[in-house]
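Chains here go by letter, A, B and C, matching the order in which they are written, and residues are numbered from 1 within each.
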Amino acid sequence: MTLGKNNPLRSVSWEKFSHLTPEEKVPLFCQENGWPYHVLIAQQFDRRLLDRVCNLATKTRKIAKTKGGMKFLQDLCSEKRAMLYFSQPSSRTFLSHYAACQIVGIKPAEVRDAHTSSEVKGESQEDSVRTFSSYFDMIIMRHPEGGFAEKIAWMLSQTDRPVPVVNAGSGKDQHPTQAVLDIYTLQRSLEKRRGGIEGSKIAYVGDLLRGRTVRSLAMLLTHYPGVKQYFVAPKELQIGKDILEFLDRHNVQYEITTNFESVIPDMDAIYMTRIQDEWDKPGEKTFDNSAYCLEPRHLGVLKESAIIMHPLPRRKEIPVEFDADPRAKYWRQVRNGMWVRAVLIMMIFDRDREIDRYYEDLMTE
Amino acid sequence: MTLGKNNPLRSVSWEKFSHLTPEEKVPLFCQENGWPYHVLIAQQFDRRLLDRVCNLATKTRKIAKTKGGMKFLQDLCSEKRAMLYFSQPSSRTFLSHYAACQIVGIKPAEVRDAHTSSEVKGESQEDSVRTFSSYFDMIIMRHPEGGFAEKIAWMLSQTDRPVPVVNAGSGKDQHPTQAVLDIYTLQRSLEKRRGGIEGSKIAYVGDLLRGRTVRSLAMLLTHYPGVKQYFVAPKELQIGKDILEFLDRHNVQYEITTNFESVIPDMDAIYMTRIQDEWDKPGEKTFDNSAYCLEPRHLGVLKESAIIMHPLPRRKEIPVEFDADPRAKYWRQVRNGMWVRAVLIMMIFDRDREIDRYYEDLMTE
Amino acid sequence: MTLGKNNPLRSVSWEKFSHLTPEEKVPLFCQENGWPYHVLIAQQFDRRLLDRVCNLATKTRKIAKTKGGMKFLQDLCSEKRAMLYFSQPSSRTFLSHYAACQIVGIKPAEVRDAHTSSEVKGESQEDSVRTFSSYFDMIIMRHPEGGFAEKIAWMLSQTDRPVPVVNAGSGKDQHPTQAVLDIYTLQRSLEKRRGGIEGSKIAYVGDLLRGRTVRSLAMLLTHYPGVKQYFVAPKELQIGKDILEFLDRHNVQYEITTNFESVIPDMDAIYMTRIQDEWDKPGEKTFDNSAYCLEPRHLGVLKESAIIMHPLPRRKEIPVEFDADPRAKYWRQVRNGMWVRAVLIMMIFDRDREIDRYYEDLMTE
């Protein structure tokens, strides 16, 4: 697992690396068995990997139901230490990764005041991260600057002690584990309801321009044949053209509309999002998204077999009354994130086959 | 233990719940075995429960003396994770609960910047806590708003994944685990000295109006027959009438006085408190409590068998010279808090009988 | 190990203690087996102790290479809890100690907002630390005030529950574990290259006046016969006279120079430091240290067997191009710190002989 000198990222110059497309970068983030060594971009997740993650997440959830199973899980990576380097405040993403670490037994530590401490003393951010990484076996990283996690993964790969890097959100673009947990939520719910994600109709609603989760999810869903995607948003906040071109290249069906009510009855999954007005300039007027909110009367219109998702935090897009409806899956989605992140840590450290073995024993007991 | 749909709080509307008296709420916070599922209010602690907690705390302390015993304890709740949600800074209460978690092996995680993170994004506090709770098996919570911990316990009980809530101080009113550790300190010290708490004389001194610890302790001591309580404070900071009425209802003897020196010689326990001037309005003159402080000359007046307590932090109420006196129990009181909190976690997860078994084996070895 | 009433610090008054020389204090910080109980000052480390620490660090590193070895290590102090009390922000020192705790299995907890929490309520800092210490088995402490860690160690020794204190940097003077990790780095590198530290030539370069690491290292190197020390700095930032007098007393050879280039070719180790301008008064002009920086052309001048060290963080004293050179040991130095700190915790709790036994088994397998 410790790729060391065999790390494929090692042999690429920064100059060359920074000009690669995401698809070209993917093999550089892999370990020898083909699974991710670094988890940096949503493009790493092809269908085979998504199926593996979903399968492991379900097995892990079931194993975790007993004390014996939890002890087995906690032993998986118990000799390892992880650093959670969060330069942006984000309690939910932090806690989800922290709990994922606890589940697989990797000992977590948090960096705080990373800026203060290093900047005061005139240290480069690269040196700071390298110093901190010296004490740990992996880095889970959130950073406001786009591409920062990739830069760190590349930089550490040049050293004698590379460690895997998990991107827990960098800049406006990538938050790969969020997209994977969304896929797992769809897979888990739609498998029971209609046999799988394939051929389903999925609507994204709200601020599709600035939310990175929808962008990543739209790309990952191209791995599921027959899915039709609906982008439901006001013109000012409609999904980026690059995503539509990506879907075109993959011959994926989609519709663009401003009319939320018209699509509700047909959908198998509705993915609500909030207005991301933290990107607005100060004083700018926040968009009124009333037409892009679920309302109690929609419960009757929505298919019985449909599901409602939301990456949270929500505002008024989904009234609290929806929470008790069996179609509301956004709270389960939160917990799925923890399982998916636990699974990715196991895979990074090549411990995932131990899950298969334990699960098989459990089933034959 | 996972009460789920059998959770008694589930079947009560918020409207109804919020109009119940504390005594009426008590059964709603219990698990099937009668012990607390949530630890929210001091009124939950009747004599049977107090005796059980004291008994378990003493056993746990003794078990903890060896490495083998510590390993046994650390295994008790080792498959569980706890979230410490402290929106008020309080290192001492935080650390006491954190260490308690470590003792029983429950993996702790801390929420920080809870406000920042959620408020920025326009999320309700209820949604934030529910999100965070998704990753954990219990919540230990401190909050400036009175009743907040109860509100969260009720709210989570309505969901598919209720988790127990321990109130580590909410608002000016409830801090139930503090009251229980005070009882344990009295029980532990007075049992040796005079056979128990029953029939003893206990004085509270200082700011009795604004300190929640004395209010709770005064109520809990009604479970011990024959105790006489002395409220020693200036008129402006004397104990609230509601407490005195409570004592009257329970036929408990008490005295109210401004004369500290006169009561010292008779007391079995003196519970000192500081002036809680953080509740003063800015610019308001802090009360001069010189007449409500222990002074070196009092050491000779105090009974040899008496004890001195203080919830800490102290100011000048107890001079540092007292610390070495065997009657000073305020440092032991601090440590008792850790044991009592560890015990409550075990009880919440129904692991307390394992303590009985281990202890019995230990005694018969 | 729990020294309790046998704690030698207990029998000394503060008045007397505070007038002792560092050398006179050393025996007061020892446990019965002669190893440190408290780690407070660099003067505690004589040659016998340094050799023991280096030996244990190397064994620990090797044991840590397997999962089985890591589990053995994590069990060493697994029943203990440590408090990391850092009142100064210092992510690197904090994380190094935190990881060291995780390695030997001692459960870490962090104190934050220690000031806020206690000062608001008018508590003395001594009371705060004593309260916090009640929950833990050792304290690892960083504080801006010189001598603070010693004061706390003395204060706790007077109580019924003394716990060991590790000084992780207090004031401008002592940061003993840094000096020990420097020795370990020298020992580990120079042993292979030239058979040991003895008789080597070592240059310190940069701000020797205000950096405490060089001061401590210069003193510790007096335990290695034949070492010649070179103090390379501008006059304004040259090493303190007290250190030179100390070297004189120990008949240690040294040179003082402003000419960095002239010494490079002869050195076995070059210890670079940054300008510590955080001690400058606001508005004061920072010293231009261009003449005290390594430059790419120096790589050819430096001996093949020499090593380059730096306590980090660095600025421009060492260009990034040096990082890939096998003589650059500053990144390894960082990781050595973690091992040395893990070793000191084991020694404090008298678990170090378990390392010897495990290592012997490992070697004879």
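Heads up, the rule we're going with is that a residue touches a chain if its C-beta (ideal position, glycine included) is under 8 Å from a C-beta of that chain, and two chains touch if they have at least 3 such contacts.
Since this is a predicted model, take the numbers as computed values, not measurements.
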Cα superposition of chain B on its sequence copy chain C - rotation in ° rounded to nearest 5: 120
Copies chain B and chain A - interface residue numbers shared by over half, same or different: different
Whole-Å gap between the CA centroids of chain A and chain B: 41
Interface hub residues of chain C, defined as touching at least two other chains: none
Interfacial residue positions of chain A with respect to chain B in the complex: 67, 70-71, 74, 89-92, 95-96, 98-99, 102, 274, 278, 312-315, 323-324, 331, 334-335, 338
Residues of chain C that touch chain B when the two form their complex: 78-79, 81, 83, 107, 109, 111-114, 116-118, 120-123, 127-128, 130-132, 134-136, 158-161
